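Here you go, one structure.
Chain nomenclature is as follows: A, B, C and D, assigned in order of appearance, with residue numbering initiated at 1 for each chain independently.
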Amino acid sequence: MDYQKILDEIDSELSTTQFNGKVASYIPELANVPADQFGMHICCMQGGNYAIGAHSTPFSIQSISKVFSLTLALLYEGKATWKRVDVEPSGDPFNSLVQLEHENGIPRNPLINAGALVVSDILVSHLENPKKDYLAFIRKISGNPKIDFNLKVAASEKKWGFRNSALINLMKSFGNIKNDVEEVLDFYFHKCSIEMSCQTLAQTFLLYANHGCLLLNNERILTKTQAKRINAIMQTCGFYDEAGEFSFRVGLPGKSGVGGGIAAIHPGAYSVVVWSPKLNPKGNSSMGMAALELLTTKSGLSIF
Amino acid sequence: MDYQKILDEIDSELSTTQFNGKVASYIPELANVPADQFGMHICCMQGGNYAIGAHSTPFSIQSISKVFSLTLALLYEGKATWKRVDVEPSGDPFNSLVQLEHENGIPRNPLINAGALVVSDILVSHLENPKKDYLAFIRKISGNPKIDFNLKVAASEKKWGFRNSALINLMKSFGNIKNDVEEVLDFYFHKCSIEMSCQTLAQTFLLYANHGCLLLNNERILTKTQAKRINAIMQTCGFYDEAGEFSFRVGLPGKSGVGGGIAAIHPGAYSVVVWSPKLNPKGNSSMGMAALELLTTKSGLSIF
Amino acid sequence: MDYQKILDEIDSELSTTQFNGKVASYIPELANVPADQFGMHICCMQGGNYAIGAHSTPFSIQSISKVFSLTLALLYEGKATWKRVDVEPSGDPFNSLVQLEHENGIPRNPLINAGALVVSDILVSHLENPKKDYLAFIRKISGNPKIDFNLKVAASEKKWGFRNSALINLMKSFGNIKNDVEEVLDFYFHKCSIEMSCQTLAQTFLLYANHGCLLLNNERILTKTQAKRINAIMQTCGFYDEAGEFSFRVGLPGKSGVGGGIAAIHPGAYSVVVWSPKLNPKGNSSMGMAALELLTTKSGLSIF
Amino acid sequence: MDYQKILDEIDSELSTTQFNGKVASYIPELANVPADQFGMHICCMQGGNYAIGAHSTPFSIQSISKVFSLTLALLYEGKATWKRVDVEPSGDPFNSLVQLEHENGIPRNPLINAGALVVSDILVSHLENPKKDYLAFIRKISGNPKIDFNLKVAASEKKWGFRNSALINLMKSFGNIKNDVEEVLDFYFHKCSIEMSCQTLAQTFLLYANHGCLLLNNERILTKTQAKRINAIMQTCGFYDEAGEFSFRVGLPGKSGVGGGIAAIHPGAYSVVVWSPKLNPKGNSSMGMAALELLTTKSGLSIF
């Protein structure tokens, strides 16, 4: 498969299309990102790297970090994780409290905010120095020692994080948060603030395409079963209220963030990350979804 | 009407009845209150005071304080209050978040927790020294300069107040809380911790029986319309999920608290406060409701 | 109290006011009623009758019939009624299914559609010829042998009654409807179609002002306790989503219908019925509520 | 791949396992099916057929018929179908009315009851003789002219179908049902009553594995895009509240029915149908899920 040719075609086709959508505006650091940027990067398991546009520009990974947190939580808690967070699509917006109130503070899945807060609580229980240790883990699985938090973004998220504060306090009232809520929120907001480029993110997501092993040195991070579990959750829960639409248009497991990034994988074949800040009404990158749809159409490699 | 005779009959009838129910247990300070206490006090507008049992023992007034907060908020904001909190029964438990999420952070009424938090926020905006000024107001309308917060109860409420923290953060995310959430919560928990006896509470509730004037010196605190509004809200919203049952059995506007107190009024006639710590499953004092039912039955003075 | 003088003042004040609102339009028979009609009738327990405007014009009583159905059901089932329908305000619109699904098919109260359907089912179980026997009962308590169904209205309600059909089938799936759904719906729609004037309705509602006895011959229909129960339910649940607002503005137990009628009582004093077809957004007669508010303000006889 | 060997291993492994669960009991025709039956059938696109157990015993396909209805609706309405039913997971039980009430009568997806009722309504609008024409379509895509309704099952479903009646009447009240509700329900219940064996169902599902063409004669039924859409919907919505769990354990798009059948496909490779009447608490066949999990584990052919 000539991925570079496919990427160049995508670049050419999308460059003449006007994409609607709005850059995330709930914190100034995201609102000020120039809207018209676009980058895309593919890492093949056979070794090739293919890219177009601003693929090496770092951006705020936001909710994509939920996948890494889940990965690390599974290493510490294994199956016990599923006693505190479920694995089913939610059918409600990413920050809804209704489901939590009706289901005793157990979030529907680890890729919505409530679920990611429980996962953060699990990590705070296990990590000696949560922020430092988390960063070390991300640097290891990405092979990139320069990855870091954006402290301004983390501070801004915290300042405007009333909805997340409501979610975590509600779960605490049900006993499903074990640590201090402020400490967990601080850790959570830092994780969301991490900046990575399409290139670095794609290299990191090879872990999930490669069934739980780092491609570089073949070190096993997750068991095959754990990797399958994460991929299945990304498939059914990775795109907010648009999991069904994404499944159809793109047909790959993945996760999006309000920074405009989308990371996806074709298990056994490749990882791909696209970035463009304008979001559609459901909170996923408009141009990013179009680019991924073209990729699976042109490559014929959708899972469906 | 010979109220003392009626009270004595009530005392005699109830002394042989075993009341089920549990003392509130979410904080140790309430859990440790001896369960079998009972007191009742009537203040007539014509001047008489009638009492039985532990009517002069102070107890934690808890949600009964919501009536006083609403009173003070109306003095500062008047009708503008109703832009931030509605006046209808909620149909959901007192601490539900579902309704708030569906109705843009506007609570159903000022006598459920969410509504009382908005009212607290209004007071924090207006009072120079909220806790001190609030206490001064309560002392004034009660005519009792010794009324005070119970700081241990306030601290305990704060320590275990995750659900209230969830409520206020959710409303803050909708823009319906103007001040710092921690400051408002601190003020709210202090208000709930106030201790008053049946006697003092009954004297204070004369204000509502007397259409907004202090009986003592005839000073007008609320307009007639404002007093009518508060009484109507107590009638439809004062008893958590049991407003309908209370309307039927007792038929007086009132407000209960998880400390086991119930304050009620017969407009133009009397105020009455009963206290007994064991709560029924809906959170209202079991013995208290029985006592009030006997009172309106024996006096023939239900509003229905 | 010179009620006629008060009514004349109300007439004069309201005649210069423009009332907003829309005539109910879900069936043509209601949509075609001339919007600007107005009538009001008071029956005093001491015997006087006072009226203004179109007080003797028959109109579709609609949901006001729910009070009569409940009355008859209590005669047959007594307290057992409350096992199948609760007595608390709903907090949801009159035709909501959400609460039913969450609470196992038990409606919140007998004055919302779901509750009235359960009450209808109870009557179908007990009455030999439901429609005929029900009419006989209404004729008896009103003292008016000419009261009848409007068969066109009943047929139209049935034709457009999908929401009620959804409600009754949902409750049937929970086992809370014992008879054939079509038979119960047919009975229910006939009851809603009954036509009465302000005058006749006010005479009928004297039953509730008179604590359960017919005023005419002093025949006891309901026990005092049953009458109190009905009055308490009207107070907390009689005005859809506007029970709190009505409690404040009018301060009397009552029930409204989408035909534009409102019946209310002052226990021990009088019954009053007002009719004007334009409805406010909550489904209650705009001019009717204004007229009742003036009545209790001018007479000083609100229960608060 | 030696599918027969894999099936024989599955048969051997599962024969010693005790599966919990209960046969569907809401109608006697399903309740009376012997619980311990088991059959499985694989159709490979290269032509092979592999089977174990009662693979040729007909059973009630129930909700699996929703996939065929959707297929036929897409042929008539194409993309316009998505104006009346969405494509996202619901997060609520298969027969919930809550979501419909909050979202104006538009069901979340075509594989829950509400969505399948809308799809049935679409077919009633287009088919001259709905039941006959539908059967003809199923016979054609299955290549089996003997497939038929079970009229006893259809009659029983109708007799106990109050919940479906509630759903369709609620959607009718929102204008999302165009035909007579009784006619649509009758058609819907007949479709659910169709009986097919694992063998026949697997042959029929080859259509979806083969991207929309009949394998037999290469006749195109669905466009590639339509087939991809149906497969994506099966992946995210095919298993009631257990879509996430099924995605993980089995990792294939599919659809289950309360008759105990599960049909699934590996696009481009094979179709597989398993049948065993005992259902887990979420309503999916316990033994069926275990068998499919073993299949994808042993074949290494999960999509993840």
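Here is the rule we use: contacts are C-beta pairs under 8 Å (C-beta built on N, C-alpha and C of every residue); 3 or more make two chains touch, one makes a residue touch a chain.
Source: prediction; values computed, not measured.
For subunit C, the chain with the farthest CA centroid is A.
Chain geometry summary: the mean Cα position of subunit A and that of subunit D are 32 Å apart. For the pair subunit A and subunit C, the distance between C-alpha centroids works out to 56 Å. Distance from the subunit C centre to the subunit D centre is 47 Å, each centre being the mean of its Cα atoms.
Across the assembly, subunit D contributes no residue in contact with two or more other chains.
Which chains touch which is summed up as A-B, A-D, B-C, C-D.
Touching subunit D in their complex are the following residues of subunit C: 96-98, 101-102, 162-163, 165-167, 169-170, 172-173, 181. Within the complex formed with subunit D, the subunit A residues making contact are 86-92, 99, 108-109, 227-229, 231-233, 235-237, 241-245, 247-248, 251, 253, 267, 302-304.
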